[in-house]
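Quick notes on the structure that follows.
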C-alpha cells in the first residue's frame, strides 16, 4: 500500500512552544528592549559609516552590509554568552559588535591592519574574534555553519551548556555542505541554532531560483528538527523565537532552524549597484525598516525619548570615530608576516619559504 | 510576529493524486502483473546465482545484491522506455536486467571481461549500458543521481518527454551532492523521479544514525516537490506510485521523491557478514519477501499457476547459464587497453603514457 | 582587427558559440541577470534567454554535475565557477565524474563540457578570492586544462574547448580581464588545445609560464634583453593538461637553461612537473639548475596589501632568477 | 617486541591515544559497530562507547568539518574517510578550512585533528577503491600529510599526529594493512612528523618513495645489490608535506643519481616536486637524469586484473629504472 508520510514529528511541538512565549502576551523586560534598540542603532550607524569610508576610498577591498537586517542579527545574538559561539557569514560583521568584539579590533579588520584580530589576513567584512568565540570566517558559503556544527558537537561532548548560533543566507541553503551539517545536528541533537537570513537575494539570484519553497524553515521537516519562520524585521519577534531556540539548545533539546524574512537594503557588496532588483521592492522593504519599527515598539511601552536615541548616537559615534582613528593610524603588517601562522612551528615556515623564490644553491 | 510555516505546498496534491490510482481500486492489466512478477523472479534468480559464483571464486572483486528489494526496483523501472534514463547506484545491477541490457553484457561485467559494456574497467556490480541510457556508475554515492539530474535538464531543454529514474539508498540522502541535485530539480521542475530505497542500513550504519526523521519522503517538503513513502516490498503499490510520478514527470509536472521502505537481505556486499543486525529483524523482513507477496497477488486475481513460474525459471536459467558460459569464455582486456579512452584522441594516450615509466631519453 | 580586452574576448567567444550551436548553454551563479561577477556573460541572457543562460542555485556541485549529465545527453554546457576558491563543492563532479566518465564507460558515455573558472590574485581579493588551484585539475588525466594569457587565446581556446569532445577546464585570470588588450579577429577562429606557444624566441634560456605571470615573464624577458643583453625564449603553456612537452623540450635543447614561473605557491605547482620532465628527458641539455619563481608555500594570498605584494611574483623577482640562471 | 601488522599498529595506536587523552574521539562511516571497513577501529566502540566512536551519516563533508569545529573547541578528533576515492565531499573542509584556519585567524583559532584516509591500489578495488590522491593535500600549505609504509611508523606517526597541534592527513595504504609485519613496541613511542628516514644505506644511487611502493623499492634495492652489485640508498618520505628536503638532498649529494618511485600516476605526483627540488638545489651533484617510476597517466586503476597489473609499479619496473640509472 502507499502510505502518506507521517506529519513532521517535531515542528508542531516547537511551534506550539512558540505560541506561549512569542505572541506578545508578556512584554520583554524594559532593559532588554532598550538594549535591543540601542544595539541595532549602533550596528546601523557603524555600517553606514563603513560604507562612507569605502566610498571615500579609505580602505581597500569590499564590504557586505547587513543594513536592513539588524533586527535579525541583534534579536538572535544579543543574549549569547561569551562562551557561546557565533558562526558568522560574510554579511555578519555586525555580529561582532553585538557579541562585544572591541571596536578598535573590528575597524582594524576593515582597514586590514596589524591590529585586526587576524593581523590583516582576511578581507574587511570577514571578522572573527577568538576571545569571544566568534569563528573567523572563510568566504566559502556555509563553511562557518559547518565548523559551528562541530563546535556544538564539542559542547555536547564536553557536557557544557554553551550553544552555537550559526548564520547563513537563504542562498547558502542550496549548498551541499549546509545540508550535511544541519542533518548531522538533527541526528546528534546538537546545541545549535541555525538562522537563515532570507533577504530574498543571493547576490543577483532571486530566492525563486534558489529553492522551490517559500518558507525555508520547511526544510527543518526533513531534518527532524523544529523549524519556524519569523518576520526578520521585527526584533522582538526574532528575539522571542531565538530565545526559545537558544534555551532549547542549552538544555539539551537539540537544534532549531529559524528563517528570518528580511531584506538587504543595498547591493550584495559595495561595488554592486543591484540593478537586478525592482526599485519598488526595495522601497517596500525600506518602509519596513526595523529601526523605526523598534522605536514605535518602545514608544508603545513608553520607553522612548528622543534624548535616549541622541545619547546612544553621541556616545557611539565618539567611540567609533576613535576606533577609526586608531585603525587608520595602526600599522600594516610587515610583508614577511605573510609567512607566519602556516603551522604551529613558526620559524620553520620562514626558512622553508624563503627558498620559494630564492634557490639556496644560488644564494651562496 | 512569529508565523507558522505554510504547509507543504505540493506534497498534499501529490498524495491526493496518489489516492486515486494507488489504493487498489482498479487492478493493473494482467500482462503487466505477470511481467512484474516474472521480472522480479529473474532478478532474484540472477542475483542468487551471482552470489554463488562469487562464493565459488569464479569472479574477483565483490557484489552488492539487491535481494529483497526486487519489488522496488522492478516496480519503479519496468515501464521505462529505452530513451528514458536510469541512474543506478552500486546496488542496482538488476536495473540493467529490467531495462533490457543483454545478459551476456551484464555477466561479462561481473567477470570484468572485454565483452562487458565498459570493457572491464568498473567493478562487477557497476554496470551501465549506453544504448539503453543506463548511466555507467561510479562508486561515489549519489554521483549518478547528480548526473541523472543533468540528463533530466537536457531532456527538458530538448523538449523531449523522456524521463530519468534516479535510485539512491537512504544513506545517500545525507550527502551534500544528493541535496544539491534534488533541490535543483525542484527549482527547474525537471522530469526526474528520485527513488530512495530505504533498506534501513547503509553498510553497517542504521538509518537512525543517518537522519532524524522516519519517513524520508518528508525531505521532499524542503524541495517543494511531492514526496511519498510506499511499502517497497509491494510491487504493485510501488508500480502505481512510480507510474504516477513517471507520468507527472513526462508531462512536465516536475520531479517526485519516492521513499520505498524495503530491506537488504544479505550483507552490504558479499564479504560482509552483517553481524551488526538483529537476526530477528532479518527474519521479519524475509517473512515479507516481495516474491511470495506478488505470487499471492497473482493468485488472488487467478493469474497464477506453478507452471507459469516453472516456465519463467526454465527459460531464464537457460539464458543465464549461456550468458555465464559466454562470459567465462570471453577474453580479458589486453593490459595496454588500460591506456585507452582517457581522451577522445586515443593514439596520443598511448604515446603520452608509455613515457610514464620508460623515460624516452634512455630508450634510444 | 579591433582591440579587445581578455574579458570581452571571452564574452564574444561565448556569444559566437551560442549562436553557432543551439546546444551550447551557460549555467552558474549570477551569470544571468547580473551578467557575471566580472561581466563575462554580460548581455547573453538578454540575447539568448533564461533557458540558455541559467542563474543557478548557490551550489557548485550541481552546477557541474548537471552539466555532466546534460552533456552526456547531447548538450554543450558551459558552466561557470565564480571563483576557483569555491570550486571545492564541485570537486567530485570534476575529478571523479567528468574526468572519469569516458574512461569508466570505455568511451560509450562522454561529457563534452567547458567549465569556466575565474582564478588568480593581484587584485586585492584576499584569501578566498585569489587562489589558483590549477594543480588539482592538471593532476587529473581525463581533463583538459587550459589557461589563456592573452585576449586572442582567451577567445580561441574557449571556442576550441566548447567544440571539443572532452571535458575542458578553462581557467581565466581575473587580473588579465581588463589589463591587456590585443587585436582579436571578428571572424571565426580557434586556438588548438594541447599546444604551447613560443611567445618570444630566444637563445640564452627558456622561460615557461601561463596566465598572468606569463605577461610578467614576457616583460622580464624584454628587460633582460635591453638591460643585460640576455635572450630569453618565452613559452606560454596555454594548456596545463595534457602538457605540450615537445615545445618545452625543444626549447631547452636549444637554450640549455630554464626558469619556470608560476603564481601558485611552490610545492606541486605546474612548474614542478615541467622541471621533473626536463630533468628526466632533457638532462643532457642542461647547463644550469632549473630555477622556479613561485609564490611562497602559504595557504592563500592574504588580504592586507603588503602581504599580497609579498606573495605575488613580480617582474623583478623573475629577473633576479633569470640573472642568476644566466650567471650560473 | 611482538610482531604486528600495519592495521593492528593503527588499531593499537588509536586505542592508546584514546586511553591517554579523553578528548580523542573517532568519527566516520562504519567505524563503530562494524569496526571499520578494514577493521582498523575494531573493538573501540566496545571499549570507549558510541560517544567516542561515532558512526557518522554518509557525509564526508561533515565528518571533517564537524571535526574542525570540535578541534577548535578543544577536542582531538580522529575522523576517518573510508576510501580516498570518496574524500571529495570533504575537499572544502580539508583544503579551505582545516588548512587555512590557523592562517586566516593569525594563529588564534586552530584545529588539531588527524584525518585518517585509506588509499592505494593493488588489491583489486577498481576505479573507485584504489586511488591515491595524495597530491591534492601535499599541495596545500597548512596541512601536514603523512603516509607510513611500515607498522612501526604507522603507529608512531599516528600517535604523533594525534598529539600535534596542526591538522594532519594520515594516509594508510590498504595493501599494507596485512601484508607486512614488524616488531612494534608496546611502550609509548612516537615517530616525528616532517622527517624522512633512510631505510637502507647505499652509495650508487638514491631512491625515494613512500607507502606501498616504498616496500617494493626496498625489495628492488636488495635485488640490485645481490644481482648487480649496485648499492641503492632508499629513502622513505613518511611525511609528504612539508617535505624533509635535507634528508633527500644529503643523500643525492652522496650518490649523485636518483630514481623516484610512486604508485600515483605520473603528472604532478609527489615525485614531480622532489625532482624539481633536486634539479634546483642539487643540480651540481647529478650524474644522470632523475628517473621516475610511476603509474601511467590514466584516470584511475581499472578493475579487470590485467589492467590493474599493467597500472601498478612493480619490483621489476623499479629495477629496470635503477639499472638504467646506474648504466647512464
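In this document, chain identifiers A, B, C and D correspond to the written order of the chains, with residue numbering beginning at 1 in each.
Just so we're on the same page, a contact is a pair of C-beta atoms (placed from the backbone, for glycine too) under 8 Å apart; a residue touches a chain by one contact, two chains touch by 3 or more.
This is a predicted model, so every value here is computed, not measured.
Peer 1: Which chain has its C-alpha centroid farthest away from the centroid of chain C?
Peer 2: That would be chain B.
Peer 1: Could you state the distance in Å from the CA-based centre of chain A to that of chain B?
Peer 2: Going by mean C-alpha positions, chain A sits 42 Å from chain B.
Peer 1: Where the CA atoms of chain C average out and where those of chain D average out, how many Å apart are those spots?
Peer 2: Distance between chain centres, rounded to whole Å: 30 Å.
Peer 1: Please work out the Cα centroid separation of chain B and chain D, and write it as a whole number of Å.
Peer 2: The answer is 36 Å.
Peer 1: Where in chain D do residues touch two or more other chains at once?
Peer 2: Residues 56-57, 59, 61, 85, 88-89, 92, 96, 100, 103-104, 127-128, 141-142, 242, 265, 280-281, 283-284, 289, 291-292, 297-299, 302 of chain D each touch two or more of the other chains.
Peer 1: Out of chain B, which residues touch more than one other chain, so two or more?
Peer 2: 119, 121-122, 126, 138, 140, 174-177, 180, 183-184, 187, 209-211, 342, 352, 355, 359, 361
Peer 1: Connecting every touching chain pair, does the picture come out as line, ring, star, complete or other?
Peer 2: Topology of the interface graph: complete, with all chain pairs in contact.
Peer 1: In their shared complex, at which residues does chain A touch chain B?
Peer 2: Listed in rising order, the residues of chain A that touch chain B are 1-6, 8-9, 11, 15, 18, 22-24, 174-180, 183-184, 186-187, 189, 208-225, 227-231, 234, 237, 240-241, 259.
Peer 1: Which residues of chain D touch chain C once you look at their complex with the stated criterion?
Peer 2: Residue list for chain D touching chain C: 85, 88-89, 91-92, 95-96, 99-100, 103-104, 127-128, 135-136, 138-142, 241-243, 265, 267-273, 275-276, 278-281, 283-284, 286, 288-292, 297-300, 302.
Peer 1: Using the touch definition from the top, list the residues of chain C that touch chain A in their complex.
Peer 2: Answer in residue numbers: 29-30, 32-34, 37, 55-61, 85-86, 88-89, 124-129, 265-266, 289, 291-299, 302-307, 309-311, 313, 317, 320-321, 324, 328.
Peer 1: Sort out for me which residues of chain A touch chain C in the complex.
Peer 2: Listed in rising order, the residues are 60-61, 112-113, 119-124, 126, 138-141, 171-172, 174-177, 202-206, 209-211, 276, 332-339, 342, 349, 352-359, 361-362.
Peer 1: Could you please specify the touching residues of chain D with respect to chain A in the complex?
Peer 2: Counting only chain D, the residues touching chain A are 25, 51, 56-57, 59, 61-62, 65-75, 89, 92-93, 96-97, 100-110, 141-142, 144, 164-166, 242, 280-284.
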